[in-house]
Each structure stands twice: as structure tokens, then as C-alpha cells.
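Have a look at the structure below before the remarks.
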Amino acid sequence: MPVVQIEMIEGRTEEQKRQLVKNVTNAVVESVDCKPEAVKIIIREMKKEHYAEGGVLYKDKK
Amino acid sequence: MPVVQIEMIEGRTEEQKRQLVKNVTNAVVESVDCKPEAVKIIIREMKKEHYAEGGVLYKDKK
Amino acid sequence: MPVVQIEMIEGRTEEQKRQLVKNVTNAVVESVDCKPEAVKIIIREMKKEHYAEGGVLYKDKK
Amino acid sequence: MPVVQIEMIEGRTEEQKRQLVKNVTNAVVESVDCKPEAVKIIIREMKKEHYAEGGVLYKDKK
Amino acid sequence: MPVVQIEMIEGRTEEQKRQLVKNVTNAVVESVDCKPEAVKIIIREMKKEHYAEGGVLYKDKK
Amino acid sequence: MPVVQIEMIEGRTEEQKRQLVKNVTNAVVESVDCKPEAVKIIIREMKKEHYAEGGVLYKDKK
């Protein structure tokens, strides 16, 4: 029943997301001792103007 | 002040969402004894490649 | 696969939470046409000093 | 390390979001005594049919 | 209707939280043009072993 | 900047959480090509009466 929510900047390929959910599920299973089927993952993509650190939009960085 | 966040695969009609917020609000009100106006609901839709169980994307199931 | 997160002020009994997940699950199932087993619900309780509307803590209201 | 998630109806300009993350970061820093770089902000936009109060979609209000 | 969720390490005083919701609400109101009453804030506190950056628990830092 | 939120039933040891954030961070880094320092993880623990599938509290299962 671990529920994992992952928020990241948009632009990853479908294949990267496929790897992401496989690898994160394995990481959870081996760390906290649960069954793979129990792990649910939600991915959310953010535009570069929807994330900020230090008060500055990711879009404006560098 | 219950705040409800609902995440589901995209594709439901506006009418289904209208029923969803009405019915979920009623369910909350009758279960935990609060006023309807106090219930806030956020709906988020996911693409089929943005949800996984058991390490497999919903898009790849079956 | 609907994932529902419910945030509410602490203090409800276990029986109220039991009713809450049963009733909200039914509300989701009948509204968006999915199987009951697909509905996951996370409940989170807040202290009265951890929720605010209009810039005022729930604890300080009235 | 404060992580802030802001959910609002879509339609704000990029400049409004720029101000939002700057002003919210400042508000957090001066309130809870942390470094600006520690503050992470995620913005999520909702369609008017994805938010409800009192069981009524924002889209259907008034 | 902006809904704000703030996650931070536990240990702030109630007065700091009071200032936090007041100041963040003001920051949101002046940035995105909404009424103060529309702003809802949820605070969640984390133990030092419940937050990590770079794969290291906050508790283990330095 | 991936921000990961993990919700699981309470009862894991601190060492399990230490492994969890290390392993999940590695899984994210190798899957979506980002720096380890960019990965933030929030862990939230749930009581057995705060999670449900199919309308039944985890506490009431079997």
C-alpha cells in the first residue's frame, strides 16, 4: 500500500517513465518489505514555470 | 474543512465530474458530520502513462 | 485506480472513518464507473493549528 | 526544506506566477526562519471543472 | 480557491504557524488577485527522518 | 527537482527509511537523468485506520 507521488519537470519520454515506475517500485519493495503489487505510483509533470526554488521559477534559472 | 484530492485517469465527462463532487461531498458530510460548504474537492486527471501499480504503467496493462 | 486523499481536523472516531471510506468509495464508484477495489483512500488528520482559511488558523476561529 | 504546493484555477500570467513564488518564499522565510534556497514551490493549475466547494463545481458557481 | 499545502520539519511554535498562514495568505492574495477568504492552507509537519535530499535523511545531514 | 512523496503504513524502522530514500533517489536518478541532490523525498506514515482499498480500512482487512 505504499502510495508514491512523483512530481517532475515535463519532457521525459514514455520509456523513461516506464523505467521510472519499474525502478522506483523495486526500490520501495526492497527497502520496506512489501509486495510489488502493493506499490502505487502517480506521476505529475510540471511546466518550467510551475516549479521554484529560492523564490525563482525554474524557467528563470541560469 | 475537509479537503479532498481525487486523482483519476483522464476521460470522464464533465457531467461525471459534476456527479462525483456532489456524491463525494454528500458522503463526507454524512460520515464525519460537517457542513457541505466546508468540503473542498480538487480533481486531478492522469494520463495512462502517469499511473502505475506493481511497477507497470496503466497504459501497459493487459 | 482513483486515489483519494482526505484531509480533515482530528477527532473523528474510528467508526466515522470506517463509514467515511465506505461511503466515499461508493460515491466514486457510482459517479465515474470503476470497480470498488480500484479506489484507494488516504486519510490525514490535522491539528486545529494546522489548517487556515483567510489567513486565520482554524484554532483561532470565533 | 519547506515544500509548498499551490493549487489554483488556471489563467494566471507567467508574471503573476513569478511574483507568487517570490512573495510566498519571502513569507515562509520570515515566518519560520529558514533560508530562501530551502523553500521549494510546486504550482498546479486546475480547470474550472476540477474544483468544487459545497458539492458544486467552480465552473457552475453563480 | 487557492489551496496551499506546506510541509516543513516539526518544531515551529504555534505563533510561528499563525504568522506563516497570515503572511502566506497575504502573499497569495497580492500575487494572484483573489480574496483572502478564498485561500486555504494546510500545514504538515515532518520528523527529521521523514525528509531527504540527495538520498540522505535530513536527520543524517552534517 | 523531482519531488517524491511516499505514503506508507507506520512501523518501519529508521534504518528502513534510510534505505528507502537512498534507493528511491538512485532509482529516480538513473531513470530520468537528474542529479541526486535534485531529488527531494517526503515520507508520510499512516495509521492502519487511515488507509483503505475497496472501501475497507486496512485495519479491518482479513
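Letters are used for the chains, namely A, B, C, D, E and F, taken in the order the chains are written, and counting of residues starts over at 1 for each.
Methods note: a contact is a pair of C-beta atoms (placed from the backbone, for glycine too) under 8 Å apart; a residue touches a chain by one contact, two chains touch by 3 or more.
Since we're looking at a predicted model, the values are computed, not measured.
Between chain C and chain D, the least number of touching-chain steps is 2.
Between chain B and chain D the centroid-to-centroid distance comes to 20 Å (mean Cα coordinates, whole Å). Centroids built from CA atoms put chain C at 11 Å from chain B.
With centres taken as mean Cα positions, chain E sits 24 Å from chain B.
For chain E, the set of residues touching two or more other chains reads 1, 3, 7, 24, 26, 40, 42, 44, 51, 53. A complete list of chain pairs in contact reads A-B, A-C, A-D, A-F, B-C, B-D, B-E, C-E, C-F, D-E, D-F, E-F. Contacts from chain F toward chain A in the complex involve residues 1-9, 12, 16, 19-20, 23-24, 26-28, 30-34, 51, 53, 58. Interface residues of chain D facing chain A in the complex, by the touch rule stated above, are 14, 17-18, 21-22, 24-26, 36-37, 39-45. Against chain D, in their complex, chain A makes its touches with residues 7, 44, 46, 49-57, 59-60. Looking at the complex, you find that chain A touches chain C at residues 1, 3, 40, 42.
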